[in-house]
Amino acid sequence: MDMKRAFYIGRFQPFHLGHYSVITSIAKEVDELIIGIGSAQRTHESNNPFTAGERVMMIRHALEDIDVHFYALPIDDIQQNPIWVSYVTSRTPPFDTAYTNNPLVIELFEEAGISVKQPPMYHREQHSGTEIRRRMLADEEWKHLVPDAVADVIDEIDGVRRLKRVSGTDGFDY
Amino acid sequence: MDMKRAFYIGRFQPFHLGHYSVITSIAKEVDELIIGIGSAQRTHESNNPFTAGERVMMIRHALEDIDVHFYALPIDDIQQNPIWVSYVTSRTPPFDTAYTNNPLVIELFEEAGISVKQPPMYHREQHSGTEIRRRMLADEEWKHLVPDAVADVIDEIDGVRRLKRVSGTDGFDY
Amino acid sequence: MDMKRAFYIGRFQPFHLGHYSVITSIAKEVDELIIGIGSAQRTHESNNPFTAGERVMMIRHALEDIDVHFYALPIDDIQQNPIWVSYVTSRTPPFDTAYTNNPLVIELFEEAGISVKQPPMYHREQHSGTEIRRRMLADEEWKHLVPDAVADVIDEIDGVRRLKRVSGTDGFDY
Amino acid sequence: MDMKRAFYIGRFQPFHLGHYSVITSIAKEVDELIIGIGSAQRTHESNNPFTAGERVMMIRHALEDIDVHFYALPIDDIQQNPIWVSYVTSRTPPFDTAYTNNPLVIELFEEAGISVKQPPMYHREQHSGTEIRRRMLADEEWKHLVPDAVADVIDEIDGVRRLKRVSGTDGFDY
Amino acid sequence: MDMKRAFYIGRFQPFHLGHYSVITSIAKEVDELIIGIGSAQRTHESNNPFTAGERVMMIRHALEDIDVHFYALPIDDIQQNPIWVSYVTSRTPPFDTAYTNNPLVIELFEEAGISVKQPPMYHREQHSGTEIRRRMLADEEWKHLVPDAVADVIDEIDGVRRLKRVSGTDGFDY
Amino acid sequence: MDMKRAFYIGRFQPFHLGHYSVITSIAKEVDELIIGIGSAQRTHESNNPFTAGERVMMIRHALEDIDVHFYALPIDDIQQNPIWVSYVTSRTPPFDTAYTNNPLVIELFEEAGISVKQPPMYHREQHSGTEIRRRMLADEEWKHLVPDAVADVIDEIDGVRRLKRVSGTDGFDY
């Protein structure tokens, strides 16, 4: 089982076409791709409306036809930075390379001796979770910015309604 | 023991006449009322000067003569929103209805299949913990905004002095 | 609000007549009694079948007619012994005396400068949670060992059935 | 996206042919199957030698050719039983039915209103993680008890050597 | 072993000459000094670039020749204020006096019955971690603001490079 | 600051002459020695009577005259084995070699790429914490088994009395 495996992490709130294009690009270079779903424990917040399980389902269906083995796995935020890498590696198949543009993640992986590559950037203005969530709240078009399967998942879970509900609050602000 | 029980949650920093009027209003509709003391673990902060135990004591004495069985129970903040409801229900007697105006709490209870009612609003400007704490810091009158028993508890624990002490700081800002 | 308050702690799985007799005895010496529900987070186990909320409800109803102000408050197990006392005191009204026969609890309270009294012992063989749970599992009589209100609560929550269900397992033993 | 989804949980230390036969059996009844990897946080112990990530990899490859969409997702032990169900459901795609023989898990799912089916039992003596780990330690044959892909994963991570190392100890017994 | 011991706490990001002058001043009044390294768990952040272990090493070497027994011990942030004091006292040798200017820390120690003294203030503008980190980022002189041994430690761990790396990010901002 | 640093871990309940002889032996091979106080959070138990702070104090005084720079630092138990190494390295100065005979610790360090040496064994029957605690409980001689400074610390904190108190209990066994 001698394989080239890579790790790529995002929050995927929701998974969109920008993520999709990065992943298809990385997929050409590896045998297997581990997709880490960051801030997995966060959900029902205006910036994080979807659960880890819902995000897993989005990714699973959006990448149905992609030509690489992939894993979609929740990664919780760990408050102590230096142990984050070992937390990740204990919850994922072994991998050789991490793809990320986040400076902290780069630093942590490199201090741990794991090689880092910067993935190609996608057009950030449109293909961003922030923009998509803004459109959902404003009842503007958003489905063309995500894979069809993701739109289906968000419909199944009535995700736009939930986003609107939780956006009217600042957490447990009794 | 077939009873109509309801759940009402607040931070009660401190318990004031606005809370009191909501509770007397809900009390007419139920046999027993569970009063959740939210953010129970927070104390000795400028927005949360009182401990959970002190807030329990305020409520117990303020509602001495009210004509309903009630429970006053600490509810800690749980960082993962979707498990908050099961945390609450495991630490309270069983209840049918939750009374709250907080959009996140409404969403979480409704997703869990618990019915939610919005309690009557009280006059928010005066009857607010924020205003009462501001007055305490400014040495203005505040005791007419809380039940007498609450003023007694705050005196017993020397609460205004504590509020002044912890307001001069931003947590563990060494 | 100058009152003599005491603290008494038990697991109350379930609350039984032994607990009741200790509490009525302590009640004669104090103005208010804080009843700590220990191991509050444990439930759905063969030794701990009832939730903290269910135990609160048992105590509340069993002591309906007792002639002392009391509080029934959940106390979680805290893994670090020396901080347990400050955890307790932050979640309870202030108290002068702790009633307990547990050597560790005695040591911790005394190191923290809180005075400890040993409550009168009740007849341990019959009046024990262990014996009552054994009888529940064996379909023997147990209701005469608890206050009537406790039997009512256990009926309401279908507690014996739950105990039987969870007794057939050793936790999450997949 | 109207699908019949089921949830099945095990520890998979390691994933073996007994698990495989249960899963192929459940697979006939559902559109998608969520495989929960229980006690995900446990690893490097004599009863739990493999990390969550390694177990994900075993399952992913063992089920390569199975004719159902499946998810393999880590599920940590949650110390407070009543919140376990909401923890699971927040980290998995929505599902209708849970397959389990564990009495506690049955009770918890049923109290939460999720329907439970008991999966077919496999021949427990041979097809058990305990037996397989015993054979690994004794240098007896074990590879015929697991899917080929699982044996490959265990070889890749040098899993038998690790099991032997950690079996000589009782945790952090300095 | 009848000794006068004191406790002094800081974040020491990094340890600088202001800290040094306070400590030499306190040292004259006590037999032993416990130096608490606050927010010990924070590291790899723009305001907290150094690990607890690195800060221990800075202090150990900077105070090589000081004429008092000292301990440098990590103190994690504890989210529940009232248990912080017992957390500190369980992880340090017993002490009589705490030296601090932080109002919350003063309040917490005094409520716990520990006497507090305010240490002499040093010249805050120059001798501040904030200023030193700003200079590091701007490639300005900073080594004259810290003991020589601290500059050596920061060189050994390549600390300025790390600070620059993690300053370009806002945590796990995927 | 080019130094050879090593890490050695024990529970030190209490620190005894066996530990002392191992440390003097390791000290000859290194410039600095980091002594990890394992299970730091455990205290007030029959097997772990002393706090982390008390154990730090024992070590500090017992090694007063030893000819090597040393650090004595609390190390909490971390429930997830694979992150333990990164927890340790984030809370200690950087080190090259770990000295331990514990098979799990050996495995974890070696998987993390840190070299491990086995320290010389001392005469285990007499020089063991278990034996010393047994003697304390039985009022037999024990002071000749520990450095004089350790006996002084145990006297200062009235440690034998505490051990006797907490040995009569099985934790929070209400």
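For this structure, a couple of remarks:
Order of writing sets the chain letters: A, B, C, D, E and F. Residues in each chain are counted from 1.
Just so it is clear, a contact is a pair of C-beta atoms (placed from the backbone, for glycine too) under 8 Å apart; a residue touches a chain by one contact, two chains touch by 3 or more.
What you are looking at is a predicted structure, and each value in this text was computed from that prediction instead of being measured.
Touch-path distance (fewest steps) from chain B to chain D is 1. Looking at the partners of chain B and chain C together, the chains they share are D, E.
Chain A and chain E have Cα centroids separated by 37 Å. Chain A and chain C have centres, each the mean of its CA atoms, that are 46 Å apart.
With centres defined as mean CA coordinates, chain F is found 25 Å away from chain E. Annotation for chain B: residues 43, 51, 80, 82, 89-90 touch two or more other chains. Because contacts link the chains in a way that matches no line, ring, star or complete pattern, their graph is best described as other. Applying the touch definition to every pair of chains gives A-B, A-D, A-E, A-F, B-C, B-D, B-E, C-D, C-E, C-F, D-F, E-F.
The touching residues of chain F, when paired with chain D in their complex, are 9-11, 38-39, 77, 79-82, 84, 100, 102-108, 111.
The touching residues of chain A, when paired with chain B in their complex, are 41-45, 51, 162, 165-166, 168-169, 171-174. On the side of chain A, the complex with chain D involves touching residues 1-2, 40, 43, 51-54, 56-57, 60-61, 69, 71-74, 89-94, 149, 152-153, 155-157. If you check the complex, the residues on chain B that touch chain D are 80, 82-83, 85-87, 89-90, 112-113.
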